[in-house]
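Both complexes shown next keep chain A, but they swap its partner, so chain B is in the first and chain C is in the second.
On to the complex of A and B.
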């Protein structure tokens, strides 16, 4: 039996498409429908109301803004750090670079919760960071805001996201060939000019993927803020969880989830546009 | 050379176990078009990269225009390189590629625009100024690389196998273009090649390298007509090499004697296939049997087997009238003009 290439491709993709459709697209569509329903006497009741969205904008806009700001901070720090490390591995450290890469990847073996608890132990008043700073004589008493603060969430999630951001950037840098870099140097460019003008524009795509991963996962996280964020640090994920599980208000939880999704989409589109603007040469013709 | 533009003294490069370039001296004059010629792995690219500042030499010094530049990187040398594979900036248009160097140098933007246009005209790329390198043909990319280097007005332009990536026809056209460009701007060019035909056509001076050493340098005619060694004779053009013996400053060959100062012992007499004459009129002559005759287009390639079994190749222009050639298998007499013979160590 012979099949046309198009049929073959469709057949080859069909298991993945089926899983995607059944376990992602379909539930998402259902959830989107639910955002227009309401709860009547503790029961989910079909309806068509925009009330849930109105409540979200009334009650949760502040939490959403705070979450996006934290996720943006994490994504920016992670992407910059990942680029610096990937740059060292690709251009500077030779064999030593392989060791850096291996140790970065080795942290992937440690689970997500293990990392959170590790940072909890390190950042606390009796933790190793404060101990080190006191021993060095840099501070007299422990810094209290290291743990149970937005800073703790940022530190923990940057550490968690780093390997995920490192890999795409390293792949992007491996695609940058040597000759254009030598040519730029030959034309008088200094190392930072070569990085800005030749290296960064050529790995724009991978920078954006790294940024997207390092932004989206923290934006939806609700475990890290609960464990190291303290009583003041509530992110949107915590509210969504609370709406679904605590208050049994699925329509409002779903509305908040879709609002977050849309906001994240806007942030990513804007980030991509800014990145393209910054890295496309505009001078000359 | 009284006042060379480039002077290499005792330059060498060693990588751990391998000596890529043995200590050597080289001088290049202003306006020269020099070919570094040799087989792959002979150290010619290493030498070029040391001149450009990309590789620090293990020993020796490099002077350009009387200034010692040994310790300077490529960004601080007044040399520019056309890279093998060109190394164009893939995300910049042709005009941006050419304008990058002047822009980094902080030249006035209007001045840059003028210079870019001048370069685009020089290399005939005005029509594709706004395209990205990926949208260009190999020959066009080559010309962008040339323009990008030349806009810096280098005192020496370095070219690493500039034509290797082009197909034969394009290569011939680019060869002419390079020559015209050299004439038009009057600069000093040094290029690396493994193609002896390219070296002879382009350069006014050929430096032949073998295993990290310079084995001969001179005009194309010098190295072709008067090869200094068996390697040069076989690497540059086709050569017949006839074993002979030197005694008392003379080499006995072809029933006569060829004056050749040097120690007594075994030698090789080198003669080019197009220098061998037909007929026994020369004082030095050989007799053999015509064993092969092939039409090569512009010339006929004859193979003559001598009495001792050695084979001699002779080229005859194919288009001219002349005495009829003997047929394959017939006896044939060959003349060796003494002026065309050179003697090298075996």
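On to the complex of A and C.
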């Protein structure tokens, strides 16, 4: 065995890169090419047309805007909640925080569909959320718009994305050292000032990671709006799925998918810029 | 003041825990209760819905398919992920971070887009859909978990002991078997279990790449679309117990805490 170290490294990487190339990069590139093709007599036909994109801009701009607004709402709520929970785990109670962390980690990988239909059962007129609110005397009769509404999609996806957003933020908070916090406290800074000026700027990168994943996955989801969104809540994912499966129009479905990804990319670049502006420490200027 | 803020934080923590866990707890609770509508009052305790589920031949078919897929995906992503992680640990941090950013792309994007890309690709190649198309489709989003977790351990690995082993005449395979493997074994098994949990739970990519077949999640989907079938809570509970159990074991083995 006289392979050079560089050759051995390349060999070690090759199975993973082959899987990535064959089953991610290649199909995604093919799908991008298909956006310029047409359907003729129910068959995919190579072409070079921008017609699919023109149709997407003509027919689906409204759905795209609605989807981005919902995904943005979900991402903002999820990131804020995840930061508060991560703050609790890092700086507050010992045991309680550990229980929350373990619960989040244990439920991270499991139960996508189960979580959605659990919320479908919980948010209905007879569901446990309405029952709880009535028992507590907060409402007199069931809130009807809890299920089959955009609110249901937001609640369900915030719940699903929370563990995914919690992990990067917690990793970011673990990297915040204690000494500057104590110094600020000794100099009379209030907890919210310390959080705003020292803690948040230091975990900006992880806040952005959490925000990105909590934005991207909901923006392309179609199962949640289908099951809990009701007839009014059609997100881009539903249209994409319908174009592929129902109308057998892969080129237009693919054009809508890539337009959505591009729009998401623009939102994320803007979000990163805003985050950088908002979290520049006052003492840094 | 300190006491009051402590109360507020404790209340917030309790609320967060209830929010995270109550949907899952309720599914298991209703899988064991008599009321078929899964509403309160739940009625008495019963194992009836599990009986109904186990009497459904579709369940055994779905379980068989899920088991085959999950085991194959676990095995292959363990090998491809570990080989990649070991190679990355010996590369510079720039190369390692670049490769990791590349191969983790499939878990950052909405699964629907990848699912449709794969389905369109398979159909253009004329490949018949089935377990053989599901398994490689899963690998692309399970191997990143193995790479991330194993690389995290390997990057703290003392490479000098490998040089010592080599200087003493051990070949690469002997070094792997007698030095590297004993140290990384718990991490390796834990990372593989994570990949298996992700594969077992996947619905969207499986649904578009399996053709006519069925796995446990696609069976749940089928039940959701038909009229009320109360054994869905039993099936959902089994999937939850399997994925959460696997994840807990993985967390214990890898000591992974985010």
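Assume the second predicted complex is superposed on the first by the 266 of 285 C-alpha atoms of A that agree within 3 Å, B and C clash if a C-alpha of one lies under 4 Å from a C-alpha of the other, contacts with A are read in each partner's own complex, and residues count from 1 in each chain.
Basically, contacts are C-beta pairs under 8 Å (C-beta built on N, C-alpha and C of every residue); 3 or more make two chains touch, one makes a residue touch a chain.
On a predicted model such as this, the values are computed, not experimentally measured, just so you know.
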item	value
Partner chain in contact with A:31 - chain B first, chain C second, else both or neither	second
Which of chain B and chain C A:134 touches, first, second, both or neither	neither
Touched partner set for A:198, first chain B, second chain C, both or neither	first
Touching partner for A:263 - first (chain B), second (chain C), both, neither	neither
Contacts of A:76 with chain B and chain C, given as first, second, both or neither	neither
Greater chain A contact set [chain C / chain B]	C
Touched partner set for A:186, first chain B, second chain C, both or neither	first
Interface residues of chain A shared between complexes with chain B and chain C	none
Chain C-facing residues of chain A, complex	1, 5, 8-13, 15-17, 19-20, 22-24, 26-28, 30-31, 34, 44, 81, 84-85, 88, 92-93, 96-97, 99-115, 117-119, 121-122, 124, 126-128, 131, 159, 162-163, 166-168, 170-171, 191, 212-213, 216-217, 219-223, 227, 237, 240-241, 244, 250, 253-254, 257, 261
Chain A-touching residues of chain C, taken from the complex the two chains share	5-6, 9-10, 12-14, 16-17, 19-24, 26-27, 30, 37-40, 79-81, 83-84, 86-88, 90-91, 99, 102-103, 105-106, 108-114, 116-121, 124, 136-137, 139-140, 143, 147, 171-172, 194, 197-198, 200-204, 217, 220-221, 224, 232, 236, 239-240, 242-244, 246-248, 251, 256-258
Of chain A, residues touching chain B in the complex	177-190, 193, 197-198, 201-202, 279-281, 283-285
Touch list for chain B against partner chain A, complex	52, 54, 73-75, 79-81, 83-93, 95-96, 99-101, 103-105, 109, 112-113, 116, 129-130, 145, 148-149, 152
